[in-house]
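In what follows, subunit A forms one complex with subunit B and a second complex with subunit C.
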Partner chain A sequence: MILINKYGFTNLSYKAIYSFQTIRLFIFFRIVDPFMHYVFFATLASSLVGSDYLKYVVIGNIAYYTCQTIMINYMNMFRMERRYGTLELNIASPTPTLLIILRKGIVPLLDGLFVFIVGLIIGAILFDITMPSGNLDILLLLIIITLFSVICFSLLFASVSLLFSNANLFLNLSMAFFQVFCGVNFSVTLLPEPLEILARMLPLTHSIEALRSIYNLENYEVYHLLGKEILIGVCYLIVSVFLVSVMEKLARKNGALLKNI
Partner chain B sequence: MFLLIREIKYFTNFNNKMYQFLLFFQPLMILSIVYFLKQVRGDINSDKFVLASALISMWSYVLYSSGSALISQKWNDTLKLLIAAPVSLFAVILTKALSNSVIALISMILSFIYARFIFQFNIGIANYGYFLLSIVVLIFSLSVVGLILAIVFVASQNVFDFQNLILTPMILLCGVFIPVEQFPVVLKLIAYLIPMTWGIKSVQDTLVLSPFMFSSMAVSIVVSLIYLFLAYFIVKKIEVVLRKTGSLGAI
Partner chain C sequence: MEKIIEVKGLSRAYKLKTGLKYALDDISFDVKKGEVFGLLGPNGAGKTTTIKILTTLLLPTAGEARVLGYDVVSESHMIRNRINFVYGGERGVYGRLTAKEYMHYFCTLYKIKNKDQAALIKDLLNLVKLQDAENQKIHTYSKGMIQRLHIARCLINDPELLFLDEPTIGLDPIGAKLLRDIVRDLSSKGITIILTTHYMQEADELCDRIAFIKGGKISLIGDPDFIKQSCNHLNLYEATMSIYDIEKLKENNSFNKLEIEVIKEPYYSLNFEVNENDLEKVSAYLSTFGDILKISKRNISLEDAYIYHMKDVG
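The block that comes next holds the complex of A and B.
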């Protein structure tokens, strides 16, 4: 608690985005809410397919919930800036816009990391999802790569969300799309071929396959999947940086950014 | 009746993006998952899951809409107008809860349409008359639950966060996926105290023409009526406190 600088950039960014304003509330919601999410999909899948499928679904949803947390927070970050009229001020400030976004992105990154680790602990304690020994280094690598690709995508997603007056529908549709097409509850190989190609262009799909392979629930080449996930993350990063710079130029030219929406 | 029609028009309008996902798209998402999971194991009876998809969307809609019915008046600064209006606060909240349950029916109808025409699932309604009767009973129980939620969430500033927390436990407790009869005793007792459990049981029983379907409906109505009377007295109390002190909980 002492380590938290009350007026520091990260702490203020947190206070600006989150509805739970205390650490106690944060921890409570970040443990109970994901747990409920896992239980819901575990019950759905096990009552449909059988309890032997439970671990497969919970692992998918641990990665999915991390992605959902980061995407929502990135979108809220942009949305709040627009609501309180500070979006243009960020662009006008002498600090590069991308640097401001990256610094503000520390909060969603830490939140995502927390949710991922808590998810794996919940999986181990309550769903008996134990990792084979000796895989810890690959797991850490996977967590870093997954967070990287999801953050790169979230940056793009949050920028696009500024085009909508009410981004809730856009967010919910995107999350539902991820839930169905990223292989969260079933393998993407079950999708028709064009949809599988689309699924493999999304972040998370390869990470989920790699995570299941680490836990011996699937049998893929983990490093190969992680390589693809990095590549996808880099692609999204390039598009996101391009989009942010276009938005910045437009804002400087027009003196406003998406004000009429 | 006028308020009911106005509410239905407002919430189903495509310009109101708040609840469109729950009404129109959530059933599609759940049915898609069921469809692909069905491919993992072919011999699955999907009827139960079509109904489950509809019930989840209905419950989600009622939770988020009715749960915020009273607190949203505070956010929109219209609560004082409601308190000053010649209509009782109970009548206003009940109308909202009732209209929200009727609107939630849209997601059930859409679930059946998606299930039949997109995913080629069997819906398996044995008798449409009994089924419609059980739907009326379900709507009544959902309205009462909505009314209670509107009262409960008066106490909280973080309404949406707490709504997220009770979304899943209620689905699981009310026997949407696993029959309540299979629960441990304590959970079974809690589940049977929730009006929605009986509403859902009525619908599930009529699908298979269970000999207990009429008794399920009767119990659902009785349990819902008990909560309705309780809610009436609590809302009256809230109204008195609000008139006297000007504030209560988060409102």
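The block that comes next holds the complex of A and C.
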């Protein structure tokens, strides 16, 4: 109901500050661009290792691209707020900052959901990545859990962007980091042990393994992995909740809310 | 009368590479319920800083401020729902939304029930005379319309206290007048208003009390008459006369703040201040420069007082 309300918060947030407003942009950035991304990595993988590896890499990149979509666009919303000088107006309202940030997250979350589903469809049609039948319910569960843990992690950036007018550096670093450490293009088990431990503390790592297992490209215990992914999401959620209040306090202290870009 | 704002020894410093910079340096003042209180001072004086602290968006580095009896640092949540603010200029709006959508957005943030939103928004947009533009995207609005939209927004939570930081900046005379009328209207409804402006005429017209602030300190505080009277020792004159030798007059240093305006050669209108309060003597002296058509002592305006008190500011 909230989602389709013309004057609802989510709809207005989308209209006011979201980057993709036209169908054309949407088709380009949500279908063509991810497609190019998958093709690039698929080509790279099959030329280096051989075509068996192609599905493995495409699956990883579908999850990665979903994550990237959510993180970049979520944080961009706060950049836009700052650019328009509306951030302080939001924060000064009696709605708690955490709630405002969370509710704004619905838009990139739906965007991510779309990218994920389109990604899997592209995978099925163009890369012949088909799922064994009967796994649909578990796939849906995986999508929900992945979006949850990614948005919880993205909350970190949202709260950091209360304090820093340009948190893009952190974001770009993390995206590069995720590309390497979440098992997008190769299994994290190939990493040296300390790095594998690190990789297993990030969102996405377990989801990607679970996704590949659903598609029979790997053989892990799916529910076990999903349980871990939820746990990781919850941890980031707790850290974020705490961080939002700290950042808000700090922002009031040094006047960062009021700085505009 | 009940004090709605109490400020005691408030300071705000910023750390700069060159050391601490005090944007506010130990200011104290009170605002009474129902007043229109003006904060006047040059750019960089600390007006906005004061307002940001009082609206709980910025923490002070020393001193205390209470708004509606609550501490701005530790009890900001008690304050936020009962006040609101407008910062002048064209920022603070979502250009892609219509005015109506913008208002709905903030109604939700201010926890107005869905079913009550439409009626409230209609009332408020009527009040600021934007009802005909309610479905127009905000990026097509003029400065004056944006400013009025801000006023409509800041009334959503039916605030007891409003902060208006340079609300008429950059507006054309009609836009500015419309805004002043709205401010007067709000004040007559019992809302306490803190106003900053660079237009002295406007401050004189609207404010019950005024504080002059410069370099982070309050230099004078009182009602407009009191502030004007603080300059009673100034002898201001205005004259219309023909002048034979304008250069000679300009070089003469018995006249302070001499302003000369040509009406039509050789007729000029003069504005000046001298250390003499006897009109006869001034008139006699001035006639050595030409023929006086008209001369009179001028009442001290708020602008005169402002210029006098701010004269040592860069």
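Definition applied: the second predicted complex is superposed on the first by the 222 of 261 C-alpha atoms of A that agree within 3 Å, B and C clash if a C-alpha of one lies under 4 Å from a C-alpha of the other, contacts with A are read in each partner's own complex, and residues count from 1 in each chain.
Basically, a contact is a pair of C-beta atoms (placed from the backbone, for glycine too) under 8 Å apart; a residue touches a chain by one contact, two chains touch by 3 or more.
Just so it is clear, the structure is predicted and the values come from calculations on it, not from any experiment.
Student: Just subunit B (first), just subunit C (second), both, or neither: which does A:Ile17 touch?
Tutor: In the superposition, A:Ile17 touches subunit C alone.
Student: Using the touch definition from the top, say if A:Ser47 reaches subunit B (first), subunit C (second), both or neither.
Tutor: The answer is first: A:Ser47 touches subunit B but not subunit C.
Student: Is A:Phe114 touching anything from subunit B or subunit C once the two structures are fitted on A? First, second, both or neither.
Tutor: Neither: A:Phe114 stays clear of subunit B and subunit C.
Student: Show me the subunit A residues, by the header's touch rule, that subunit B contacts in one structure and subunit C contacts in the other.
Tutor: No residue of subunit A touches both subunit B and subunit C.
Student: In their complex, what parts of subunit A are in touch with subunit C?
Tutor: My answer: residues 5, 7-9, 12-13, 15-17, 21, 84-86, 88-95, 100, 252-253, 255, 257-258, 260.
Student: Once bound in the complex, which stretches of subunit C touch subunit A?
Tutor: Of all residues in subunit C, those touching subunit A are 14, 52, 55-59, 77, 80-81, 85, 87, 91-97, 100-102, 104-106, 108-111, 114, 117, 153, 157.
Student: Per the contact definition, I'd like the list of subunit A residues that touch subunit B in the complex.
Tutor: Contacts found on subunit A: 19-20, 25, 29, 32-33, 36-37, 39-40, 43-45, 47-50, 53, 166, 168-169, 172-173, 176, 179-180, 185-186, 190-191.
Student: Flag every residue of subunit B that touches subunit A in the complex, lowest number first.
Tutor: On the subunit B side, the touching residues are 17-18, 20-21, 25-26, 28-30, 32-34, 36-41, 44, 49, 52, 158, 160-161, 164-165, 167-169, 171-172, 177-178.
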